[in-house]
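Same chain, two partners: chain A is paired with chain B first, then with chain C.
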Partner chain A sequence: MAYPLQLGLQDATSPVMQELIHIHDHTLMIALLVSTMVFYTILTTVTTKLTNKNMLDSEGIQTIWTIAPGLILILIAMPSLRVLYMMDEVNNPHLTVKTIGHQWYWSYEYTDYKNLEFDSYMIPTQDLIPGQFRLLETDHRMVVPTDSPVRMLITAHDVIHSWAVPTLGVKMDAIPGRLNQTTFVVSHPAVFYGQCSEICGANHSFMPISVEAIPLIHFEDSSTSMLAKI
Partner chain B sequence: MSLQKPVMRGLLARRLRFHLPIAIAIGLTSAVSFKYMVTEPRKRAYAEYYKHYDVNKEFNAMREAGVFESVQPTGK
Partner chain C sequence: MSSMFRMVGKQLKTHPSLIPLFIFIGGGATMSMLYLGRLALKNPDVSWDHKNNPEPWNNIEPNQQYKFFTVNTDYSKLKKDRPDF
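Right after this comes the complex of A and B.
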């Protein structure tokens, strides 16, 4: 989850997010290369009184400063497209979870075997117990197994919302009348937090997402006990 | 005795020829430094973390600490 004074992306807890972090580092490296070069060039330009009023076309440098940015773009695009297509793979999901965005909460449905449905409201600040995170905790968490591809089907009931969990590298708009699909694999057990990522009204900032990932054997037990409670 | 005529032309071009390789070198140095000080250590850190990761040990530690809601600590 996010922490104070954080500058970079959250640590990855899915393979896709690891790839996204690597490509972000790669692109940032190229941006640093260009920025430092341009900064030094501007510095040398503003610290001289020398001018050339007769500078006209120069095919040599124009060729260079067309080809070089093209090569840089190719260097960025190749890994980017690789990760893009990797994210689009469906990978035979073991579980499908449907999530519906409402104003202002998420509801989850597990309908693969039996019908398990529940709503997930934010825990208000005054009801938090010590150790819980403000504006991130929910009364019911979405539970998924680790090391298993999970398919998310995302839609909305009223206005556009967006289901996002940064550490898993997942963000998908929840649009009324449309079903969006995404998949993820959780690498290790933990609790992951996200927040609604599309402006949806007064309480847009108060409809968080919390995902609890546990090993598969415990997931089966917990699903059985959740069904028994309903 | 006559003084050598000072260079009067091409001063800006000379300055650019001097500073452009420096600009390229600084850019490449910063990129390579970023790669070997940030990118590669990060990749190694992730590989190292998952190389010796014990799922059951970590899960049980979190379970006993009461992190999860779907599974209770073994005492309860």
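Right after this comes the complex of A and C.
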């Protein structure tokens, strides 16, 4: 989850997010190197005592500063396109969960085996137990098994919302009348938080998402007890 | 049109450092146009021929690769596991 004064991306808990972090590091490093070089060039150009009032020309440097940026851009584009296509692949999901965005809560449906449906409202700040996270906790969490590809089918009931969990590398708009699909695999058991990522009215900041990943052997027990409760 | 090419060719002979520029820009433009053409012709989201193929999105085989590039999925190995209509 996010922490105060955070500067970078959250730690990855899915293979896709790991790839995204890797490519972000690669691209940011190139951007920082280029910016440093440009800044140094400008600095030396502005502070130099060597001035020439005639037009200067140089074939060599023109060739270099065409080829080098071209190669750099190709080196950025190739991994980027690879990860882009990788994110779109649906790889035999073990479980399908449907989530519907409402104003202002999420509802989850597990209809693969039995009909499990529940709503997930934010826990108001005054009702938090010490140790819980403000504006991130929900009364019912979406439970998924670890190491299993999970397919999410995302839509909305009223206005556009967006289902996002940064640590899993997932963000998908929930659009009324449209079913969007995304998949993820959770690497280890934990609780992951996200927030609605498309402005949807007064309580847009107060409809978080919390995903609880538990080992596969315990997943059936958890769903059964959830079914009994609801 | 050909006079424009001849002018460009003359400029290239005196300034050969412009050749990489043509390669990169020309290559980029060619790749964009080729991909746009592929999207226009082979994308199953678009219906061009209303008589013979009115709904291409309904004619995709279960193991047909409709994306340009795959990383982990081998489309020829996919099984068909949904009902026919």
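Note that in this section the second predicted complex is superposed on the first by the 216 of 230 C-alpha atoms of A that agree within 3 Å, B and C clash if a C-alpha of one lies under 4 Å from a C-alpha of the other, contacts with A are read in each partner's own complex, and residues count from 1 in each chain.
Keep in mind that, in the parts below, a contact is a pair of C-beta atoms (placed from the backbone, for glycine too) under 8 Å apart; a residue touches a chain by one contact, two chains touch by 3 or more.
Just so it is clear, the structure is predicted and the values come from calculations on it, not from any experiment.
In the overlay built on the shared chain, the residue A:M122 is in contact with neither chain B nor chain C. Of the two partner chains placed by the overlay, only chain B lies in contact with A:L50; chain C stays clear of it. After overlaying the two complexes on the shared chain, residue contacts for A:V150 are found with neither chain B nor chain C. Of the two partner chains placed by the overlay, only chain C lies in contact with A:G60; chain B stays clear of it.
In the superposed pair of complexes, A:A12 makes contact with chain B only, with no contact to chain C.
Contacts of A:V165 after superposition on the shared chain: neither chain B nor chain C is touched. Note on chain A: of its two partners chain C and chain B, the one contacting more of its residues is B. With both structures placed on the common chain, the touch criterion links A:P189 to chain B but leaves chain C unconnected. Within the superposed three-chain model, A:T36 lies in touch with chain B and out of touch with chain C [touch as defined at top].
Across the interface of their complex, chain A is touched by residues 11-13, 15-16, 19-20, 22-24, 26-28, 30-31, 34-35, 38-39, 42-43, 46, 50, 53, 55-56, 58-59, 62, 67-71 of chain B. Interface residues of chain A, counted against chain C in their complex, comprise 59-60, 62-63, 66-67, 70, 81-82, 85-86, 88-91.
Residues of chain C that touch chain A in their complex: 15-18, 20-21, 24, 67-73.
Residue ranges of chain A in contact with chain B, taken from their complex: 12, 18, 21-22, 25-26, 28-30, 32-34, 36-37, 40-41, 44, 48, 50-52, 140-141, 143, 146, 187-191, 212, 214-215, 218-219, 221-222, 225-226.
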